[in-house]
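To start, the structure itself, in structure tokens.
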Amino acid sequence: MKLLFELLGKHSVSGDESEVSQVIINYAKKRMKSWKVQPEIYFGEDFHDCILFKFGKPRTAVFAHIDTIGFMTRYQNQLVPVGGPEILSGTRLVGKDSKGEISCQLMEEEEVCFHDFPRGIDRGTRLSFEQNIRVDDKFIQAAYLDNRLGIYNALKLCETLDNGWVVFSTYEEHGGGSIPFLLRFIQNNSPVNQALISDITWITEGIHHHEGVVISIRDKFIPRKKFMDRLISLAEKSGIPFQLEVESYGGSDGREVQFSPYAIDWCFIGAAEDNVHTPNEKVSLFDLDSMLRMYQYLMNEL
Amino acid sequence: MKLLFELLGKHSVSGDESEVSQVIINYAKKRMKSWKVQPEIYFGEDFHDCILFKFGKPRTAVFAHIDTIGFMTRYQNQLVPVGGPEILSGTRLVGKDSKGEISCQLMEEEEVCFHDFPRGIDRGTRLSFEQNIRVDDKFIQAAYLDNRLGIYNALKLCETLDNGWVVFSTYEEHGGGSIPFLLRFIQNNSPVNQALISDITWITEGIHHHEGVVISIRDKFIPRKKFMDRLISLAEKSGIPFQLEVESYGGSDGREVQFSPYAIDWCFIGAAEDNVHTPNEKVSLFDLDSMLRMYQYLMNEL
Amino acid sequence: MKLLFELLGKHSVSGDESEVSQVIINYAKKRMKSWKVQPEIYFGEDFHDCILFKFGKPRTAVFAHIDTIGFMTRYQNQLVPVGGPEILSGTRLVGKDSKGEISCQLMEEEEVCFHDFPRGIDRGTRLSFEQNIRVDDKFIQAAYLDNRLGIYNALKLCETLDNGWVVFSTYEEHGGGSIPFLLRFIQNNSPVNQALISDITWITEGIHHHEGVVISIRDKFIPRKKFMDRLISLAEKSGIPFQLEVESYGGSDGREVQFSPYAIDWCFIGAAEDNVHTPNEKVSLFDLDSMLRMYQYLMNEL
């Protein structure tokens, strides 16, 4: 889990994903010799801070977003959210501007957010939750498991993957915007008709810790029934524990696959977390393990 | 109206449109020999559950969505809407899951929807309004006239069409998602710069039964004035009864034509209904007749 | 400022931008011989009412929207907004329908808008704010400075521009829809990876008159940090006065660049105004001057 700890230590608020992007590139360069298949890697300014790995002859693309929610400084000591962070007064925030390192508290009054840093902070500075990783034999708890675990899953998948795209996207937490150009590149290079979204979902009245990876039948958007039927029947055959989710809210990179100019089926598959979009996101290690195994299984079978 | 009754008898909640898709394909295969022009037909997994007919050298594409609003089972006996159905306690719903046929009542308490089916229903099962078709000499009344009438109009148009695309889209009731790939296919195959949306709109204080098909000057989105001026002046020349609609809400497949990467003018043209998105949608047969005639006229003249 | 006055005198409510489009074409035809570089000009029905100028070998595209907010007549004496105009009872509105010129007052009761014109107005007629241009030595005040000033800036830029696209878009005030096809044309003809949005923003607690052009670090959407860092450092080097904006609401043509299928960095740069979307929009001439100079500087340096 050294990789996961390294990922959890980086800042990557939407629009500023270069640090995590670099970690992924460095990790791949160091480790890919031990991977079963050597992928072609696409990254750099033409791809903004996104990365694509192409293994063999892809039928399916896996998308893991590398950005996180957070805050941005406005005027005086105001903060505006990036994505949808939980607003809990007292939460520790960290960042950096032209004058140096920043560590402060989040405060809220009458639905406006502030920080308590003694000096002014440059306009437009991104602040992240202070990281605090806790692992025991049942759970991992930290800020930004959403979506460091999705990245981790995608990178572990690379070790054994024969055929498929593994794609690291940006901006997912703040409305998206990278999936359209990534999909265009994929479809022009080596097209697919299936996509899996490697991301983290929610513990709810129907989704519980330790009951396996979540396969989402819908969130705000709805994947195609024919594809879901096939995928769920494969999941059943796999013997890997999984739970079926039905939500009316929430979205993922799947939304932009749905609205893309390509007929690509998609499905969100990922472990569920408590304390969503807080510094205390909490995921069952059992569910994470099911996630890793389910991706390896499905990428072979789909 | 045998075709219309057959269409009204099928379930096709967004994301699960294969039954209606099959009815359309079967109908076309059986009837197209009597059509004036033999179209090229595109369908199958590459098009998900959508279908495209190409007649001659198209200048205009007609879009009719084949999905409907409905419900999906969540956890326990909860239901979540698909699209925007009217929530009326007591409404009869039908569907099917792994354990068999389902017939139950919709119930609402504190803005949460439930069903009263005595056994649990598989998560993610789609439920439709129970169908009850009523026709007299003035009106047709049934569930899902929106958009079975739009499909019916598009298929009747095929009988006499010389040039044009007739396209059956999915997901319209739930945010869309098929128009982008359909348009890309059209523009790469035989491009158009005009689109008509064959769909059903609303009776309002300005739109009345028996006053003709509705030509919509705007809903939430606004077609280009130059195109509307030309289209309305043709409609006036046609002698076919029509009404002009101006709304600030509502959308259609036209929305995705508007936001597509092609300069395509579009307009919504269709009969108006009462009791929108209930099992009792009601349309004037006179207005339906104007709709059929207006499409035949405009597809020649535009 | 004759050009600006001419632009301010035209009506161009979203979806009906042909008048302003014509002014731009006529101006360019008359003046382009004195421009440093002769652009290629693309316009006409294939581009709806949009216009593109290509200068040299573009690295960056400038977008200025040519539409404005306004109203559309509905049934009886009702009005529905186009875009988001401020609703102030008593505001003078003007327009034209099949029966002739219209001049009336806007009235609001219980969140519904009406007009007081003595005769009925054709359904779907667009009404604009009555124009009243006021200039002193510090300010210009008028209806529709948003975005006549953005157009003016783009056209002044043409005089000295070596390399770049200058693009006039439609529909920006009402959800957009022209940027996708304009971008597709640009990327197929002479692609860019940078875009500047020539538009007008808001005076707020952090943005003041006479303090220079506004460079927006974010509105509802967020440009990429790497690009903003480079752009702001250039702006600092320029010596031209500028202010940094951080907002959580509002959008521009930048939104559609963000969600396009191309990896194009973008930034909104424009003067700020008071009395947004009223007939009394007010912009500092000092800020307008900084805007003109900043575009000339950045289009060279980026």
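Just so it is clear, A, B and C label the chains in written order, and each chain counts residues from 1 on its own.
As a convention for this text, contacts are C-beta pairs under 8 Å (C-beta built on N, C-alpha and C of every residue); 3 or more make two chains touch, one makes a residue touch a chain.
What you are looking at is a predicted structure, and each value in this text was computed from that prediction instead of being measured.
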item: Homomeric contact chain A-chain C: same or different residue positions, threshold half; value: different
item: Between chain B and its twin chain C, rotation from the CA superposition, multiple of 5 degrees; value: 120
item: Length of the line joining the C-alpha centres of chain A and chain C, rounded to whole Å; value: 36
item: Chain A: positions in contact with at least two other chains; value: 261
item: Residues of chain A touching chain B in the complex; value: 193, 204-206, 217-218, 220-226, 228, 244-248, 258-263, 265
item: Complex contact set, residues of chain B against chain A; value: 14-16, 18, 45-49, 72-76, 80-82, 123-124, 126, 171, 174-178, 180-181, 183-184, 261
